[in-house]
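What follows is a group of structures, each given as structure tokens.
Two complexes, one shared chain (chain A), two partners (chain B, chain C).
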Partner chain A sequence: MPRNYDPALHPFEIQREYTRALNAVKLERVFAKPFVGALDGHGDIVSCLGKHPNQIAWLFSGDADGTVKQWNIAMKKCVRTLKAHSGYVRGISFTPDGETMISVGDDKNIHFWDTCLPTSLEVGVKESAKFSIPTKYNLASVSSHAKTKMFATCGDSCLLWEGERRLPVQEFEWGVDSLNCVRFNQSQVDVLAACASDRSIMLYDIRGKSPIRKVVLSLKSNALCWNPQEPFVFAVANEDYNSYAFDMRRLKHPLNIYKDHVDAVIDLDFSPTGKELVTGSWDKTVRLFEVDKGHSREVYHTKRMQRLTSVMWTLDNKYILTGSDEMNIRIWKAKAWEKLGVLKTREREALSYNEALKDKFASFPQVKRIMRHRHVPKHVYQAKKELRIIKDSKSRKEGNRRAHSKPGTVPTVPEREKNIVAEME
Partner chain B sequence: MESLLKGQFSDEDESYEDDSDGPIESAAGNGEAGGDEDEVGHSGLLETLGAKRRDLGLKGKALKITEFQSISNDDRGELPTFRGVKALRDARKKKKKSKVSKDEDEGDDEDFIDDMQDDPTMTKPILERSKRSALYENVKKDVSKWNAVVYHNRAAEQLVFPLRSGEKISKRSIKDAADEFVPQTPLEEEMAKILYGDDYVQKKKAELHSKDDGKTEDESYNLSVEEALEMHKEMARLRALQSYEMAKAKRRSKIKSKTYHRLLRKEKIKKQMKDFEELKLKDPGAAIEKLQELEVSRIRERMTLKHRNTSKWAKSHAARAKYDKDSRIALSEQLKLSKDLTQKQAVSSDESEDEEVESHQKDGDAYQVKDLDINPSEFNIETLANSKKFSSLNLLALRSLATPETAPEVDHSLTSANLINPKNFLVINPKFHAVKELTIDSELLQDDSEVLNEEEDQRMVIAEAFEDDDVVADFQQRKSDEVDASKPKDIDLTLPGWGDWGGKDVVKRKKKQKRILRKGPPPPRRKDARLSHVIINETANAKFREHQVRNLPFPFKRVQDFEKTIRAPIGRTWLPEKATKNLTAPKVITKLGAVIKPLNEDFLVKKTPGRGDVGGHVKLVRSTKITK
Partner chain C sequence: MGKVQRYFSTESSQEKVPTTVRKSSNDSPIKKPKVQIETIVASKRPKKWEKTTRPRGKFPGKFRGKKRKSKKPGDDPFPKKVHLAKEQLKRYSRGPGLTKAVIKNIQTKVRAKKIIKKEKQVLSGLEQAARSELLLSEQNGGIDVEDWEHTLQLKQCDIVNHVDITSASKKFELRLDKFGPYHIDYSLNGRQLLLGGRKGHIAALDWVNKSLLCEVNVTESVHDVKWLHNETLFAVAQKGWTYIYDNQGLEVHCLKKLDRVYSLDFLPYHFLLVAGHETGFLSWVDVSIGKIVAQFKSRVGPAPNVLTTNPANAVTFCGHSNGTVTLWAPSVKDPLASILCHGSPISAVGVDSVGRLMATGGYDGTLRLWDLRNNYLPISTCKVGVPTALNFSQRGMLATSIANQSLVFSEMGSRQKPYLKHVSHSNVSSLKFCPFEDVLGIGSHDGFQSVLIPGAGEANYDALERNPFQSKGQRKESEIKALLDKIQPELITLDNSLLGEVDTGAIQDELQGKPKYVKKSDIELSHRKKRKNAKLPKIKQGLQSELNIKQAKSTYQQSKQQEEGKAPAVQQVFSNPLDRFKTNRKRN
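Let's look at the complex of A and B:
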């Protein structure tokens, strides 16, 4: 359409764009329908999820009674059920080629499974693992090396295994600790990190065959995840309701704190673009954060979703998968208002214009208000209020103490560093 | 697995070596040592390993086997052993300060661990701690190689996932090009024969032929099924386009409507005229050529008499013209065309331009004024004096200006109104130019007088600049304006014509106007009526306030910058399509169903010696935005 772009003919362009931005942000809320579906079938608490490195549609999940299920997410169907362990399945990982799935459980076994479906299996015959390693260690988590057959497990200590060798090739020890989560860095491949129950986060170097650094937080970290696009950045889910992002080179000063949960954060995962973060919490909500912001951009909850045990961001950056206490796995959209499927050019352009408008007018109070408005469950709402009161009172107390002390005796600690106890060499 | 590991570590410049752990590790390190000797010793070593394993298994301790046994460093003895961590650190710091080359420094880092372990005075915890910190420093350094990629991606305006790692950049030197050159034309062959001899030419030719053959073969086989399909599609598309165009042209040519053709013709002529005008501005030479072409066509027209009333068509129309309006119009148009075509074009030659200039000079003042404006350096006082316009100038003063000796005596009152006709603002220019020129050019001036002069000037300039700066009066003025603006206005309801005389220069009747004028209500009392130093904005609206931004958003430092971003529209109502697309392009684009892999080493380029300290360099720089 031919237009006259002379600004003198468009005296109200700012106002019109502002109105459009308001409409865009309202439409965003109208179309925000994040819940895609649930994968129902586990007979116990879903304890862990595993994402296949090459296949987006394949999901593996383990539960508390030792079953591992393979799902086809696209069809929302369980395609395989494996009776893998007796007791909890604690971790699922994959070899870099994606052909083998490694599962560890409370029965101290490491099992290797083919990720491809067996061509023919007689009805009623229990499928058995390709290979198993019975160990004498407690196994709480497993993570694979990005390039080789090595994988690490943790429990009483961090162990490094290689392929199908029956004994660990390396044991990392540093004090007495029991570790609950271990993760290999997928880019800087020889570095791995683990969370310990003594409130510390540890870094290991497998080439140097030694732990290299430890940072102690005020409370225990539950899970850890490396940023896939920023190899020196990792984030931990902490018991103190927050998540922390660290640069592994400056452990004393966290890069960011992600606040908003009102109970312990159980699990977290970076988006494959490394720009966002998903956390699952004991407060029965899932929250999405942008890595450079301190508060969540989105909160997901349903009436029936109970405490979260694991969260996962799919490798195409479109969906989020959550496993929870009440035996279900849920599929969510990563952008709640996103239209799925193929878009026509005009539609796509209109949507990206809307996005740009939202971005442009984000600081305007009305736009901000609508964009941030969320309904949360009552218990979360109440807990937030309570936490706010606690926080205010604490800061008031600190202020009073500072006001009535000798100047300089009560130092001002930045919020990000408040919960860092020590960095240990 | 073995091979993978090997590859991985053989590539490394720096190896983390730690081979003082005992025989078990060295036995297990079969993967690294390589060579025939190891093949021989391998079985023996394995046996030892097995025995140890069993022992350890019984004890219930995890076996510590290293897979990363690197080649032992024999010349380790050269480095001194250190007595403590602190001493060692100090030494390292010193080394860094003394600008030892980086490679040496790294080597030092690795040996440091071994030195520690060799030192018998070290207790185990201290030893471990120092080992850990050394390793940590190493890993820190190593992981910083991602800096460049990560920071580039963070700052990127748009990221398209899955990220592409850059293709290899081929570096083609002049020498390569020279080597590849094959003489082909007779002249080239001759030259090559002279330079390199006959054999060389023959050889090159043979190479070329063989290459050609190879190429044709390659090309015939290179096309994959997809490519072939693609090509086929492309061809089909082109053919379809061509046929559409042909059909369009055919349809157009069949249109019988005279009006249509007339309009078409008119449009064409208009377009030609416009093109010619443009051409005249852009390329006068080409325009003249075009004119000449027109001249030729005119001559041809005169010869052929094509558009006169002698043709068969014209005659038939002439017969009908009496009764048929259309044919009359057509005929007259034809004649007009003929007239246009045969009319001689008035071409402005160079001579006429010269004449114009001369006449200007004769006019005198006009031309000189122009001259003064354009080139003040050529300003001539005599001519200025001759001109009538500047007669009001104090010529003497001007004369004194022009001569360098008397320059310090320039009277600044020259600018005052009594000397210069204030309406003739142009005359001020030459004066200043003259002053400027003199101060720059004349080296005869005495220094102190010059300084004095400049100071005086400066003072004058400042005084002039702030001459009418009365802040208080300004404020009062602003306030009174504000008050006036906020007062309710009288409404004039007089209509022209009612009970009035008509025609030109009719005076409005004051009495009537007064009678019909609706007086506005008395203004409400202003809040700042008694506050002489304050203006209170009474039109501020609380309803607007809830739409207004209170605090400056984060990345902005100045309100003006933020306002600027808001003021610039991004929609396509106000911007061309492409600009909108660029402005609204998403920051992150992901492809539906495509796996986004973690960052890997393909995104790094090996550090070349002599470059900057940052390990990784970004390989790929996207130049174009994808507008999605």
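Let's look at the complex of A and C:
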């Protein structure tokens, strides 16, 4: 095909590109069908999800009556069911080689399981753990060291275990309250963070004897997650409907605050690229955030999905897994409008051209309006409205107070720091 | 040019073969010409891949004998980039780009980096576009004459004698003396021709291979004909209503809302059919959905039967009997601009393909050229007789018809000069350049003539935009693509680049805290003051006396100043607006 790029032969460049951008953004909304499928099979609330370090397709999930299930995500099939604990399964973690799965539960046991499927198992025989440690501690969460055999659990205090030793190697204590989530940093391997129910987030170094520092927020944090690409950064899911990103060196000033949920945020996970964040909330929605933005770029919900208990971003950066109250695990696309499967060259080129156009015209009002529009359930919509009224009224009141008092007595606190109570070393 | 030539073997080495219009080459022996004429046709430029001068089996690097760092067989023989002239780049430039001062003002480093990166991408894109000129396979046509000659002396027969057979076959005539005068139109890719005789004769043909698509007689008067977005549909303004026919001559639609239409035009990127009614109305019809987009009365004199559109920004130009040309967009009820062009009724208007120039002809016998870019000032005026039709070619030539003559100007602007002349048997009614061909179509009272104007059309078409050789499949695909890219009529503005600019006004309003919208409750409603007729004469009287006092005061002051010896204030002279067309001598 002969081409001639002379601008005189291509009139209305901007207008045509704008029209194409509008079409592209409309098509994006048309094709935005994020729900891929559900993993059905648990007999109780799904309490936790475990991400296998080596196998993309493997998923382990624990539920409230002590069952751990192993799934093949690609086939959407349950491949193994383990009766692991009596009562809640509280946490699932993997050793760095990926061969062993560690599960902890309300029955105060730590179980070690082989992640590979047993080669031959007689029908009706209950599979038992490779190794078990009965303890006297409450166990609320577990996390493995990225390099060694060590792992940490939390409950009344943060405990450090090593391999199959029956007693904890170390115990970290600071304050009396219980901890509900503990996570090892996967790059700065000796650092470990935990959320406590006294509203604080603590940092530990396993090379030292005592915790390093902690920060107290105005409400309790439910979950914690380290950024896989930026070792200093972690994010917490908070009861005050927000999530916070922290730099572990400067806990006083959060890096970012992620707003949009209208109820407590229960769990969160970073994407493997470290650029995005998924949060699951008590308000029955899943939201996706870009780490440097304050509001969500996407919200996922279905009529049947109840309160979220756990969320997970798969290692291929393509899917999101969510476990919820009504015993289901759901698979979502991370990019709602993405076409699955093999793309032809022309198709791929057209899609990337459309992406470029959307980026170029993103700030045009029409394009922006269509791009931003999301339908949310009625209760979320109403709650959002209500929250806006509350926020407006608060800021009005603060403004009034500032206007009628001596200058400087009512300081302006940045939105990010409003909920930070104290930082302690 | 020096470095560019490295790519090409020298011209002398290649025998100059005048090829046909982008088709198979005919080895027609040509007479040793006194004049050298190249229609679009002649691809003088040897192709890059033709290595005629190089001996086979040797690497070009060795053959050149220049020192190169490595002489391995796989190496690029021309490692350096070919020099690009600044003018070449400028042709593709979309604007001045970012200045250093702007970059300095960007607040954060990260943002600045991003912007600079994007700017680099844009620049490299422009450069690549400019470089791709090397790949253009055709060269634009032209006529070279001896010093003592002028191209105006050349007749069509001279030109035909000096071009190849295929090009010569593009000069032809259709004697249709029963149904004239004829309105003509070429399809957007220049391949099809549409003839509409005043007395009801409509014919569509593929004029290149002279095959008739359809021929009908509508048994009522035909005022104008127009191809729509491709060669499958055309619109005809008939006595009562406007009809749309397909290329088999079947009536597809009857647009009753377009009644008594005198002139039609089509905006292919907007899918808008523009019609000027006898009643002075202007209407825009979206032919993709069959809806009237806008219809309003021009309110300037009677019928705007002189109507054309600016192909660069889709604004409609209407010439009126009071000497003005008004500019219209479907989103605005009033004219965007009104230009007083002649002291007499306007006879024809033409706008060039890049929206830079407008040519107007008046019944005062003058042809004027206007600059459309800045301030609508006249560039030149010449007395030629009453132009009945004006048309710009793709490469900026202007054709005008005066009675039975068609005159073509090659360079427009201050250096405007007549290029070729053609005399028909009868008066010319319509005249159009064929896109992508060196051909001018002339519709007259006794038929149609196609004449050769070397250098009129663009030689290198872009197949993804308009393709004269498109297959049926390509036509279908391009139709769908065009429909998807249809520009909304609201986007028609005088300044085409408006959409790509930052809306600084809105930002300023936002910074100043102005509300975007005013709530209905905030609008203060007040009663319209009723006019009290009894008081009106009194008010008038009062105003008059006030004016009188003012004038008296000012004359008193002036006389006083003069007495004191100061220079008198310069009085403004209100002259007739038409005075500016008088020569200076007269004004004095």
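We adopt the following convention: the second predicted complex is superposed on the first by the 421 of 425 C-alpha atoms of A that agree within 3 Å, B and C clash if a C-alpha of one lies under 4 Å from a C-alpha of the other, contacts with A are read in each partner's own complex, and residues count from 1 in each chain.
By definition in this document, a residue touches a chain if its C-beta (ideal position, glycine included) is under 8 Å from a C-beta of that chain, and two chains touch if they have at least 3 such contacts.
Source: prediction; values computed, not measured.
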After the alignment on chain A, I want to confirm one thing: do chain B and chain C clash, or do they fit together? clash
Would you check which partner chain A:I56 touches, where first means chain B only, second means chain C only, and both and neither mean what they say? first
Touched chain A residues, chain B compared with chain C: B
Regarding the shared-chain residue A:R3, is it in contact with chain B (first), chain C (second), both, or neither? both
So in the superposed three-chain picture, is A:S132 touching just chain B, just chain C, both, or none of them (first/second/both/neither)? neither
Looking at A:P228 after the superposition, I want to know if it touches chain B, chain C, both of them or none. Which is it: first, second, both, neither? first
Per the contact definition in the header, classify A:T81: touching chain B only (first), chain C only (second), both, or neither. neither
In the superposed arrangement, does A:N72 touch chain B (first), chain C (second), both or neither? neither
In the superposed arrangement, does A:Q306 touch chain B (first), chain C (second), both or neither? neither
Considering only the touch criterion stated at the top, classify A:P11 as touching first (chain B), second (chain C), both, or neither. second
Contacts for A:R20 in the overlay, against chain B (first) and chain C (second): which applies, first, second, both or neither? both
Location of chain B clashes with chain C - one stretch out of 241-249, 511-519 or 601-609: 511-519
Return the residues of chain A at which the contacts from chain B and from chain C coincide. 3, 5, 7, 10, 13-14, 16, 18, 20
How about chain B: which of its residues touch chain A in the complex? 1, 4-5, 8, 15-16, 18, 53, 57, 60, 62-68, 113, 128-129, 131-133, 135-136, 138-140, 142-144, 146, 150, 153-154, 159, 161, 546-551, 553, 562, 565-567, 569-576, 580-581, 583-586, 588, 590-601, 627-628
Give the list of chain C residues in touch with chain A in this complex. 91-92, 94, 129, 132, 135-137, 269, 311-314, 353-354, 394, 458, 460-467, 484-488, 491, 496-497, 499-500
Which residues, counting only chain A, touch chain C once they are in their complex? 1-16, 18-20, 23
Where on chain A is chain B touching in the complex? 3, 5, 7, 10, 13-14, 16-18, 20, 53-54, 56, 136-137, 146-149, 157, 159, 162-163, 167-171, 186-188, 191, 203, 205-213, 228-232, 248-249, 272-275, 315-318, 342, 348-349, 352-353, 355-357, 360-366, 425
